[in-house]
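Have a look at these structures, which come just after this line.
Heads up, the next two complexes both have subunit A, just with different partners, subunit B and then subunit C.
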Partner chain A sequence: MQRTVVGQRKKRYDGLAHVTGETRFVDDVFIPGTLTVKVLRSQVVKGNIRRLDTSAAASLPGVEGIVTHKDVPNNAFGLVPDQPVLAETIRYRGQPIAAVAAHDERAALKAIDQIKVEVDEEEPVFDPQEAMKPGAPKVRPEGNCYMYGEHPCRKVVFGDVEAGFKEADHIIEGEFRTNPVEHAPMETQVSLAVPEGKGRLTIYTVSQSLLFHHGLLTGILKMDKDDLRIAGLAEKALHDWKDDVHVAFRSGTVGGSFGAKNDIHADHVTALLALKTGQPVKWRWTREEETLYSTHRGGWHIRIRDGVKRDGRIVARQVTSIRDAGAYSALNTYVVDKHCFMVSGPYSIPNVYVEGYCVYTNKTPSSSMRGFGVFPATFACEMQMNKIAAQLKIDPWELRLINAYREGDQTPTRRVLDSVYLIETLQACAEKAGVKLPDRLASMTSEKREGAA
Partner chain B sequence: MPTLEFRVNGRDHRVEVEIDSTLLEVLRDKLRITGPKAGCNTGDCGACSVLLDGILVRACITNALSVQGGEVITVEGLARSGKLHPLQKAFHEHYGSQCGFCTPGMLLAAKALLDQNPTPTVEEVKEAISGNLCRCTGYVKIIDSIMAASKEMSKREAG
Partner chain C sequence: MKKRGVGIAAAQYPTGLAGGGDVSQAYVKVNPDGTADLFIGSVDIGQGSKTVLAQMAAEELGIPYEWVRVHNQGTDTSPICFGTFASRVTYATGNAVVEAAREARSILFEVAAPSLQATPEALDAADGKIFVRDDPGRSIGFRDVANMANIFMKKMIVGQGLFARDHSATDPDTGACDPFCTMAWAAQLVEVEVDTDTGQVEVLRMVSAFDVGGAINPMLVEGQIEGGAVMGMGAALMEDLYPHYPTPEGQPTNLNTYIIPTAVDIPKKMESVIVECPSTAGPYGAKGIGEMTANVPAPAIVSAIHDAVGVWIDEIPVTPERLLRALEKADS
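Let's look at the complex of A and B:
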């Protein structure tokens, strides 16, 4: 059989345009008469705006339009619609308060300086563990933990973890912390909004979630979905979707994202200013803005408690994970979900109990980044595996091989697995790494575990 | 407004610029030559790299008027009469480009190296692109591409 795809090395379909400089990113799109945007960001960490006066700024030469929270038709967006486009209540330093569209950057910056803002400051909280304590300053009126139904955390409950601990010969505990990480795409957030007449709008966007953002934007703008066109990904890639969504897409591309462009950072602001001024409006974030105020991978605090048999089989795992969400949900609720589903690792553990907390603090909102919470889960899980191996004096390869998922095993989220090849993959890794596994490990397979149903 | 006269990719230009305009602003906003990118505007990322009289410079921290009478090469000027430069061909064939945003600057940094040192070592390639950040590739494929282009160009030279 001749294979046309599998095993073939294919060139990037857009590779030639990249090396000739023909690839057009959003910032490379020029529309005559486009205004430049600058945004006033809060210098205060937490508080309520008492006075916001844009009149002096609005009368400056070159200034075409200013928007504040009063200009946003529906000032709450997100997967959980809790984030304002422009704030009245400040929840983190750097939160956008007002946006200016002017003829050039100089005029826009001058106008930003002339906006008068007074804030009644309140006491912030920065550490998620402090934020979880009773009596902690409230980031949000409804409480500092996102409520998963009636629970202040996402729970995954499989088997009976207490019974598992009783059955275990050893209890081994680990505590792991990860720092926040900025995605740092080479292309910062850029948005160009172009009014098309009759209230219609085209937004050239760097979004990596075009359809999701189209829905959020029409919600913010209270706009008919047919009136908003967003131009983002290459037309080729979206060809098949076109007929279903009644949205036209035009060519454009993304200069790196890594999860940084799953949340709307600029499109809502340019849209508001384009609709207000009737002129095309472009906003390109500075590198400083990108680093300080775009979403990032939030920090985690992960505690694992394992019940382990003498031979290294893990029979119980209890995990408490705390995610620092910053001031708004963004995609954090889903990040915590995925973390909780994956933190027991690719290992068959009969009794699992996971609690994952999505905690609000007075910091820049965190959100998705490469793996949605799985990366820190895997880091903690594998460090814990090494710890167990060291404590029980078992070879780390053996510990992983004897606990590895096999055909027909069930995950804590009740998925029965098929086509499992973890043991074979580990054996191949050992070989590549020049590790000689003893015969009893080298001969293992992913066939059903003995005694399994 | 002062006037800047200079050559870009073999074409003469005469433009009015502010005294504090950068070369990058003139190239992108006035001449619409968009190969050089604004990744940081502080001279740190190298996405705006161009050749000025054969020397690699960062257009975002180069004052436009300092280029008076000079000759600038951007990524758009690499291909000659429709034929790709060996570096462009190598970046395409060896996966040296992913999102493409750093590629124009990276290609110019590589050209500056090969113009001076046609057969660099891997260490010399690393040094030459140390001012150009790429967030996608992890640099391995970029280094592979530059080494491949060097080999290809030496072969042509010999042939």
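Let's look at the complex of A and C:
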């Protein structure tokens, strides 16, 4: 049957509305009586709050409500529930300490100015390689490396990497760094929380992960103190909401994300203030807040050691990667997983040994960004491929083609691959670019490996 | 002095959540006037998921694209979706949409079959018509059937669809797990011009080939390829959130100091090839390439810089300062 719609260059469903300004984003939703939120962020990098006094701020005209860590029913959220909504212990500069809802921005900023906070400062650690050393200042009491089972790193062990190195004619090593990058979506973080009576709360959100965030948020707002342990885990809170606050997310169209809206940044604060004041509250982040204090792609440090045969076949790859997670887990443990699963690249390497460390430092938490941990994996892997090609004087197209996965190959995580098509994709790229591949390369296919039966 | 160089890179990218366990659902409702409402829980973050999902619903129902409305109102009224991440929406929510649309269509085929003197199984639909597959001249308007079914036959024309994947635990000792639905492949060639006096790198040309399995909307695929290429270029050459990494000193605070590519930085020549090796279980063979398009440019660009000036720079972004220092070091 001929397809009539799929495969066609149809106009974007929402394109015209976007370019004519008709699309309504969260910040375009106006509800009468909405209060404005501003947040006090820590000027100190690390320490414990000794004194937090909001009384002067609370008595200012126009101020309707202030929340601190004491107002958060369950002050720890995340995939690994380790991040407070409002901090008592400071782990990075800019960490939210208190939030104010006021009649306008001016009143809110004035109140922020009047909150008195004193912190017993401690020595921070910024460099993940320093943070990994014994005796380094602790970012968190459990230690500075996330534990994957018994190991301080995610391991991928496939074949026998030492045997592979013995078999190799060349050992080629590389060390790569990718610096932190901000998503810079056009729309910064925005949240509008509207109490609807009877414990119902509607939140207009920029979330790109509605179900996931719904679970996290109901976990944070859970009133039952006995359940503090569940700390942001979705399943339990979702089933218990009837005794609790019922949150409904309203989601329109998100004004760009690239992974910036995979973590809750604002909905928890607006929810708390809406419940406290009984009024709608909106928090719109400034570009400066978005740049400095939203999640971003964390920094990476990657070391690769490859065993390569004379003809360019890679027979062993050992990788040690360090991910700078910043102060909290956010989605970093998953980012490291994805990195480790993919860092051997689209190549069939029989012996692979990967260790990926998720390391905490006293920085704004990093988290997901377009490409997750595969961005640095691809950078390191492909830089390494081009270096091997240069060192062995093999054409970089050929090096990739001879090592490329074939149909039915197994990944280092033991997944058997289907619909493998790297060879054909490389050939298509070369053809479009006007690169003439020699016949022996142009005739390769993903169907089978040359020389194999 | 200006020097030119060429570099290439290849890539793989997994579609779907590593570890699995994720869910996406969809409902389709066909109205008496033949239009359809598609309900999803997946958020469109600008990548165009509403467009491709509407195309899939229209294709399966056999109606024009313009007859489909897409709704993702929120957690109370929408079906469940884990989220827009892991390059999963076209694949995961797409599968749910196809299933939901087929269920709704099957109700209409039941209603239409007696009028067409055929069994429901013998029917097909396209362009707003329901017809006998082997004898397309025997047809009836989709609108007429939808109206008859909803009003006179007292039927609800609603279909539901589900995508769900089992959770796959990771062995902490070996890393063994099933970390994706399918894999997409890419290759890219980049040509740069390096100004050895200023350290400025201009990307002149990017040729990209991406295996998307099956392109639901080739225009949006090209949009992803080009958008990702520019974002990857930003990470390779310009964007630095921690200029004095690992310390947080001197961080940019705004878009006048955190420099991202704008229209003037976009390479003059960008060519995209869509390659289609169908996935075994994606809708129309689709694979997700939303994220990987940003992953390929950095190594290709940095390798092209090496080709131009003979130095490897193993740290990105390759800012003019970093490049000049590397050239200086190579000279001494």
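Everything below uses one rule, namely that the second predicted complex is superposed on the first by the 417 of 453 C-alpha atoms of A that agree within 3 Å, B and C clash if a C-alpha of one lies under 4 Å from a C-alpha of the other, contacts with A are read in each partner's own complex, and residues count from 1 in each chain.
The criterion applied here is as follows: contacts are C-beta pairs under 8 Å (C-beta built on N, C-alpha and C of every residue); 3 or more make two chains touch, one makes a residue touch a chain.
Note that the structure is predicted; figures quoted are calculated from it, not measured.
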Touching partner for A:Thr413 - first (subunit B), second (subunit C), both, neither: second
Touching partner for A:Gly345 - first (subunit B), second (subunit C), both, neither: second
Contacts of A:Thr188 with subunit B and subunit C, given as first, second, both or neither: first
Contacts of A:Arg24 with subunit B and subunit C, given as first, second, both or neither: first
Touched partner set for A:Arg284, first subunit B, second subunit C, both or neither: first
Partner chain in contact with A:Gly256 - subunit B first, subunit C second, else both or neither: both
Which superposed partner A:Thr36 touches (first subunit B, second subunit C, both, neither): neither
Partner chain in contact with A:Asn144 - subunit B first, subunit C second, else both or neither: neither
First, second, both or neither for A:Val5, with subunit B first and subunit C second: second
Touch count on subunit A, higher of subunit B and subunit C: C
Shared contact residues on subunit A - subunit B and subunit C: 11-12, 14, 184, 253-258, 287
For the subunit A and subunit C complex, residues of the former touching the latter: 1-14, 45, 93, 126-128, 148-151, 154-158, 174-182, 184, 202, 207-214, 247-251, 253-259, 261-262, 287-288, 291-292, 296-297, 299, 324, 334, 337-338, 340-342, 345-346, 354, 361, 363-364, 368, 370-372, 374-375, 378-379, 381-383, 385-387, 390, 396-397, 400, 404-405, 411-415, 417-422, 424-426, 428-430, 432-433, 435, 446
Subunit A contact footprint on subunit B (complex, rising order): 28, 32, 34-35, 37-42, 44-45, 47, 74-76, 78-79, 84, 87-89, 91-93, 95-104, 107, 133-136
For the subunit A and subunit B complex, residues of the former touching the latter: 11-12, 14-21, 23-25, 27-28, 30, 183-188, 253-258, 284, 286-287
Touching residues (chain side subunit C, partner subunit A) in the complex: 7-14, 18-19, 23, 41, 43-46, 48, 50-51, 54-56, 58-59, 64-65, 70, 72-76, 78, 80-86, 124, 126-127, 133, 170, 172-180, 182-183, 185-189, 207-211, 213-220, 228, 231, 234-235, 239-242, 245-248, 251-255, 258, 260, 271, 273, 275, 277-280, 284-285, 287, 290-292, 294-296, 298-300, 302-303, 306, 312, 314-317
